[in-house]
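Below you'll find a set of structures to go through.
What follows is a pair of complexes built around subunit A, which joins subunit B in one and subunit C in the other.
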Partner chain A sequence: MQYGSFTWYDLVLLGQGLSVSVLVFLATSAIGLVLGIAWATVRFYRIPVLMQLVTLVAETLKNSPVLVQLFLVFFGLPVLAQINVTPVQAAVITLSGNTAAFIYVIAVSAIESVGRDQIEAARVFGLSRWQTLRRVVSPQATAFAIGPLIGLAVNQLQVTSLVSVIGVVDLTKIGNILNLRTLEPFIVWTAVGVLYYLCAKLIARLGGKLEARLRVHSDWKGL
Partner chain B sequence: MQFDLTVLLPHLGVLRDGAILTAQACALALAGSVVTGALVAMASTSASKPLRRAADIYVDIFRNVPFIVQMFFFYFGLPVLGLYIDAFTTGVVALSIAGGAFTSNVIRSGILAIDPGVIEAAQVFGLHKRTVFLKIVMPIALRTSIRPLGAVLVNLILTSSILSTITLNELTGSAKIVASDTFRPFEVYFVLLVVYAVLTWSVSLAIGALHRRLNRDIVEVVS
Partner chain C sequence: MIKIEGVRKVFNGVTVLDHIDLKVEKGEVVSILGSSGSGKSTLLRCINGLEKLDGGSISVDGFDVARPKELAEARKRSATVFQLFNLYPHMTAVQNLMLAPVEVLKVPKAKAEADARALLASVGLSERADAYPAQLSGGQRQRVGIARALAVNPSYLLLDEVTSALDPEMTAEVLRILARLADEGTTMVFVTHEVEFARTISSRVVFLEKGRLLVDLPTTEFFADDGGLANPRVRQFLSNMSKG
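For the complex of A and B:
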C-alpha cells in the first residue's frame, strides 16, 4: 500500500480495532472472573495441595510481566505441546489467567471480610454449605469487592493493548498500522489514546453506578 | 518436545546483559518517577486551584491510557519534532512520566498524612516555603510512603518489559533473541517468567524491610 494521508476508511479501522480490544477485554474479564472466584473458593474450603498450587500460580502471574506471559503462551506453548495457537487464543488464555490472578486476591480478601462468626451463625441456623456461600458470604463479599474490581477492570483494559505485540489486530495494532502508513504519529497515537481513555472512563462510570447500587443497603438513609 | 533447561546455558551472557539494561532503565525511571511524582504531588497539594487541576489532569491521562500507547507516542512522535533520541532514553522518559502519575498519588497521600502541626511549626520558625517543602514535608512524606513506592517500583520492573517493543534489548528483548537462536521459546520464556517473579518478589521483600527500618520509631496501628 502506498503511504499517504488519512482516509475516512481509517475511522472504520479504528472502530474495528476498538471492538477487538473491547471484545478481548470482555471475554478475558468474564473468564478471569469465573476462574478467579473458583480459585478463591478452593482457598475458602482449604483444599490441600490445590490451595498451595493456586497461590503459587496466582503469585507468579501477578509478579511477572504480561508480555512475557503472552510470549510463553504464543511462542512457547505451541513448540512444547506441538499444537497450534492463534494470536487471539493466546491472548484470551493469557489475559484470562492474568485477570484471574488479580481477581483471586480481591476475592480472597472479600471473603475474609465476612466474619467467621457470621458463617458459624449461618451453620447454627441450619444453612447448608452452599446456602451459606450463596446467601451469606457472596452478597457481602461482592459489595466489598466491587470497588477494587472496577479499578482492576480499568487496568486490565489497558493491559489488552499488549496483545498487539503478538499480532492481534486490536486498537494499538491499528494505531501501529496507521502510524506506519500516514507517518503522523501525533494524530494517530492521540486518537488511539483518546479512545482508550474514553473506554476507561466509561468503565469507571458504569462501575461507579453498580457500586452505588450494591451498597445501597449500607447507605445512610436518615433517621 | 522435551523440557530441557540446559540449552540456555550458552546464552546466559546475553540474558545477563539484558538484565543489566533492565536494572539501569528501572533505576533511572524510578528516580525520574519520584522527581516527577514529587513535582505533581506538590502541585496537587498546593493552594493554587489551577495547579491542582493541572495535576489532576496529568494523573488522569497517564493512568487511563495504556503505557504502550504513551511510549509509541513519544517514540514515533519525538523524531517528527526533530528530537532524535535513542530507544533507551525514550523508554526511560516514558516510564518516568507514566510512573510519575502513580508516584504522585503515593507521595500526595504521604504529604496529606503529615501532621499539620509540623508544617505550622516550620512556618512559625520563619522558614521559606521551599525549605519547608524540601527539608520537612518531602523527607517525612517519602519516608512514610516507602512501601507504596516499592509497589510502584515492582510495577515499573514489570512495565519495563514493554520497552522491548521499541527495539530495546533489555531482559525481555534479549530473551526474544535467545528464543529465536535456540528454537526453544518455552524454556526461555518460562525461565524469564520465574526470573521476573523472583526479582519482583525479592524487591518487595527488601522494600518491606526498608520501610520497617526507616519507620521504626513510628508505632504502626497495622503492621
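For the complex of A and C:
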C-alpha cells in the first residue's frame, strides 16, 4: 500500500463526485430548456433582429467544441471583461448555453413538424397566436421532440465530464484523483463508467415513460 | 350577412379569384360548385381570413376580415369544417369541441363540456366522445369536425369539400347531418363536388370557373334548362360529374 489502494471510503468520494455531476447536469438542463424554448418562441413569432441573433448564437454554440467554449468562458471572460468566474460558474454558463442551442434546434424542428393545418384550424376558431402556440402547437411539438430531447439529455450527462478539466470536482475529477492515488486505473475508471452508465440508463428510462404518456393520443407505438 | 365585393386573389402571378361578388344572407344554404382549381376553396379561405386579399373586401356581419381587430370578431361569427378534418390529434373528441368555446368565447369549462357532449350525441358520437381522432374512422372524424364547428354557435358554417376524403358510406353519414342542419335553418356556405346533394339542400348555387363567378342562381333555376344549364360550361361540368 504505497499510495493506498482502493477502499470502501472511496465509494463515498465517488458518490460526492456523482452528485456534483448530476447537479451540474440538472441545473444546465433546466436553464438550457428554458433558454432553448424561449429562443424557439422568438422564432415562432418571427421577431425581427432577435430572431437572427438567436439563430447566430445557436449556430455558433452548436458548431464549436464544448471544451473550447468552456476555456473561453473560464480563461477568456476574466481577461476580456475583468469578470472572475469560478469553475462551477463557468461550467454552468457554458453547458447551459450549449444545451440551449441543441434544445432550440430540436424545438424548432418539432414546431415545424406540427402541420400548417393545425395552426389554421386553431386560428379560424379565433384562437390568438399565443393560445395557438400554447394549446395546439406546443403539446404536439413536445410529443415530437421528446425522443430527441431524451437522447440529448443522455449525451449532455456525459458532456458534463468535460468540466473536470477546469477543476470542477465532478465524478470524472474524482476518478482522476483516485486513479493517481491508487494507481488502479482499471478499477477506478470502471467504477466511474458504471456510475455514468447507470445515470444515463435512468434518464432514458424516465424519458421513455414520459414519451409514452405524451403519445397516448397516437396510434404510433414505435418500432 | 357575408358580403364579398370585388375580391381578387393572386398566387405567384396566377389570378385565382377574379373580382368575385357574392352575398350570403342568414338562413341561406349556398353551394359553391366548380372544377378543381376553380378557386372555390380559396374563396372560403378568404372568408375566414386564412388568405389575404389582393383586392376587394369581405365582411362578416359588417366586420372587415382584412382588419386584424375586426377579423377576430368575424371569426367568432363563422366556423369552418375542413376537407381533411384538421382535428387536434392530441385532444379527445370532446376536448376538440371545448377548445374554442373555453379559450375564445370564455365559456366555463363545465358548461363547455356538457354542451360538447350533447353536440357529439347529436351527431351520433356519444359513445366516442373520449376517443382520440386517431381512434376514429374518417366519417366519425368529420362528424367531430362538424360538431367542433357547431360548438362555437356560429352564425355561418363554412364547409370546405367536407366529404372529399370519405368513402360513399361515410359520405352518406356526414351528408345526413348536414341535411338536418340545413333543415334547422343553419346558414351554410358549402364548397362541394356533391352536385346531387347540393341540389337537395341548397337555396342557391354558385358556379366558379377559373376564378370567375359564372353563375349565381336559386337552386331550381340553376338546374333548369333555361337557367344555369343554359351556360355551356355549367352543362359540361354537370354532365362530367354525373358520368363520374
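The definition used in the following text is that the second predicted complex is superposed on the first by the 216 of 223 C-alpha atoms of A that agree within 3 Å, B and C clash if a C-alpha of one lies under 4 Å from a C-alpha of the other, contacts with A are read in each partner's own complex, and residues count from 1 in each chain.
One rule holds for everything that comes next: a residue touches a chain if its C-beta (ideal position, glycine included) is under 8 Å from a C-beta of that chain, and two chains touch if they have at least 3 such contacts.
Keep in mind the model is a prediction, meaning the values are calculated, not measured.
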**Prompt:** Just from the overlay, do subunit B and subunit C fit on subunit A, or is there a clash?
**Reply:** fit
**Request:** Classify the contacts of A:176 with the two partner chains as first (subunit B alone), second (subunit C alone), both, or neither.
**Result:** first
**Prompt:** First (subunit B), second (subunit C), both or neither: which does A:196 touch?
**Reply:** first
**Prompt:** In the superposed arrangement, which partner chain does A:60 touch: subunit B (first), subunit C (second), both, or neither?
**Reply:** first
**Item:** Superposition-derived comparison: subunit B or subunit C, residues of subunit A touched
**Value:** B
**Asked** After superposition on the shared chain, which partner residues are touched by A:69: those of subunit B (first), subunit C (second), both, or neither?
**Response** first
**Asked** Is A:82 contacted by the first partner subunit B, the second partner subunit C, both or neither?
**Response** first
**Request:** Mind working out whether A:154 is in touch with subunit B, subunit C, both or neither, as first, second, both or neither?
**Result:** first
**Request:** Considering only touches as defined above, state whether A:16 meets subunit B (first), subunit C (second), both or neither.
**Result:** neither
**Minimum C-alpha separation between subunit B and subunit C after superposing on chain A, in Å** = 24
**Message:** I'd like to check the shared interface: which positions of subunit A are touched by both subunit B and subunit C across the two complexes?
**Reply:** none
**Complete:** The residues of subunit A that touch subunit C in their complex are 117-118, 120-127, 131, 135-136, 139-140, 143, 216-219
**Asked** Along subunit B, where are the residues that touch subunit A in the complex?
**Response** 1, 3, 61, 64-70, 72-73, 76-77, 80, 154, 158-159, 161-162, 164-165, 172, 175-176, 179, 183-190, 192-194, 196-197, 200-201
**Residues of subunit A that touch subunit B when the two form their complex** = 59-60, 63-69, 71-72, 75-77, 79-80, 82, 154, 158-162, 164-165, 172, 175-176, 179, 183, 185-186, 189-190, 192-193, 196-197, 200-201
**Request:** Enumerate the contact residues on subunit C facing subunit A in the complex.
**Result:** 48-50, 72, 75-76, 78-80, 82, 84, 86-92, 99-100, 103-104, 132-135, 148, 152
